[in-house]
């Protein structure tokens, strides 16, 4: 299905983000990529549809070598690869329907796209998919009117409408609170199951990876250091992924990773979802509120 | 007196500032004193004779008396120059938009090809913005002679910087993620433009253009004072002929046209999100 | 969820919702707009040979503009200033003085107008009067007021100041009124409950809340007045503009360029100073 051989990426600054990563994904497999920040998780996912250009190695989707394609051929190949992004990456000022239909941009002419005249079947499928992700009736809402969870559902619907042969997801839950994260991961894996296609996603939260993936790939410093089922992800494996293979008594870091907080970049949680997350974690809401109203009065 | 009120107010609302109060008070006192001295010095520099100031309201009253009632019979004569004024504003804005697009493109940090094009963009924006449309009109009247053409060019050259500056700021705000997402679905460059970039800048662009047009209607009423076409030419003639009743008619007509275009502009900017 | 429904059950048609009532109206508005634009371009009747002629003139004019003459010559013996330098100097001093006096006077006039134009502070009839003053002073360009006053009773710089003061409420009172409408009402209630008079409510309840804005807007208005007072002289209302117009009329184009560059320098400096000062205040 998807077969990655010796994939490497060196950024212009000389930063080696990926170093000869090799693995295969079979049809209908759900694969999670975990690792500390800067381990190359995002780079790996983005190299597969060449949003980031790999510097060496090959990527085969079925029989096509993605890395050898010209720009035009790459556009055609990208139609077979659905992608879900970490900050949803919706066009906020367009309607939900336009965002979903933009999954078909590769298949229609630019003129059709400009006039928003998509084939009847695409529109039917768009309605059906919106229904499937629980957003029936929202087609005329603007994307910026939706909540974070709803936006990510639109992101999934857009990817599904491509009729892809594989779904990629780059940190699909990084902007969502825990509850919504679960709902989105449920949807993503279920929908892939319905379509009979594999999913490859990278994720910070190890518990989510354990829960949803059939198989986990661990990256550390751009190198593949673990590849196996969730049951094989023991403390030793966690050490290899999160502590660069060093032996030590610093269990804190591993624990943090297990809690899913490891390496969370604070800047990513500014989408109106974080306040809820804070109250859930911090708990004591009434006190918080009274503090706020007091400060307001003083001002 | 104002300084006292001011510090009292702050001491009341921000008890924590009390530590700095003395210093703040001093700074404020000297700022106010400086402003006062500057005003007095400026007034002296103007060398205005006091009796002129004293009689100014009276003179103003006389002038208004001579203007009233407006000469309504005259109103049919001003229809044509009034239309020319709106023409100047519309065509000038249109040209300015066309010329501002590339300037905004090179004047925005994320789209400009290199450092020198960026500098060029900034220089064009600054030069266009810091020269008043009346001065542009003076220059173009010398080049093209009096009339509508000089007016259009004056409005155009003044507006390029305004539109390009605001548009460049808008381009710098573009979110790159949706653009990548469109590319990831297999969309081509045009698809990216239509679905990724245009929706992000469209509302702001239309808003800026309509807003500038509204300002330009106002500007187009005065460039005629130096011969660059429109109602200003007629106004200048009437004033020089001391035909004050006709002047009032023109002023009222300008008021109506400007208020209507302001209304249209505000309404359409509210509609576009 | 939707798995039970077959694909055929869904609609085959979708069109983007429009901000207009429906798509016919939308295309109607587009058509009218385009026709209006075409009519405007046609009405302006810009002839091609006139453009060509002007472009030729532009070359000549550009040559005459350079090198700009500021009236300053640097010689071995030191710096010599000519009459031209002093004309620029006097013009700029007058321009600066006008801008400052007009700002102070204009703000003093505009603050009451702003209170009148604030929906939450003024009774209905007064509110409409305030709004009317704002609209009228916004709509009539300061240059028009300038020329009317100059020809009407001829004052030079004072006419310029009057024009700028007249134009100030349209900007200043409009923005200040919007801020006044946003103030915290509960504090006004508190002061009213002590039995304060309306004027006392304004001074103790309203003023402290908007004072930074009052100062910020004043600095901003000075910046705008500086720009405007560089050109008021063109209609005889004082400032550097008179020297500029004379230089054009007498074909002293190198001097014109000297004046223009001086104006630009002052306008840019004024803008920077104003931006800096406003940042300090707010």
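General observations
Each chain carries a letter (A, B and C) given by its place in the written order, and its residues are counted from 1.
FYI, a contact is a pair of C-beta atoms (placed from the backbone, for glycine too) under 8 Å apart; a residue touches a chain by one contact, two chains touch by 3 or more.
All values reported here derive from a predicted model rather than from experimental measurement.
Of all the chains, the one whose CA centre sits at the greatest distance from that of chain B is A.
Across the structure, the highest number of inter-chain C-beta contacts is found for B-C.
If each chain is reduced to the centroid of its CA atoms, chain A and chain C end up 49 Å from each other.
Between the Cα centres of chain B and chain C there is a gap of 5 Å. Touching two or more other chains at once are residues 13, 273 of chain B.
Counting only residues that touch two or more partner chains, chain C has none. Multi-chain contact residues of chain A, defined as those touching 2 or more other chains: 98. On the side of chain A, the complex with chain B involves touching residues 49, 51, 75-79, 81, 83, 85, 87-94, 98, 102-107, 110, 113-114, 155, 158, 162, 298-299.
Of all the residues in chain B, the ones that touch chain C in their complex are 5-6, 8-10, 12-13, 35, 38-39, 41-43, 45-48, 52-53, 56, 59-60, 62-63, 83-84, 86-88, 90-91, 94, 126-127, 130-132, 134-135, 138-140, 142-145, 148-149, 152, 218-219, 221-222, 225-226, 232, 235-236, 239-240, 242, 244, 247, 251, 254-255, 258-259, 262, 271-273. Contact residues on chain C toward chain A in their complex (touch as defined above): 1-3, 5, 7-8, 10-17. In the complex of the two chains, the chain C residues touching chain B come out as 19, 36-37, 40-41, 43-46, 50-51, 53-54, 57-58, 61, 93-94, 96-98, 100-101, 104, 135-136, 138-141, 143-144, 147-149, 151-153, 155, 157-158, 161-162, 203-204, 207-208, 211, 227-228, 230-231, 234-235, 238, 244-245, 248, 260, 263-264, 267-268, 271. Here chain B touches chain A in the complex through residues 13, 175, 177-178, 180-188, 190-191, 194-196, 199-200, 202-203, 273, going by the rule given at the top.
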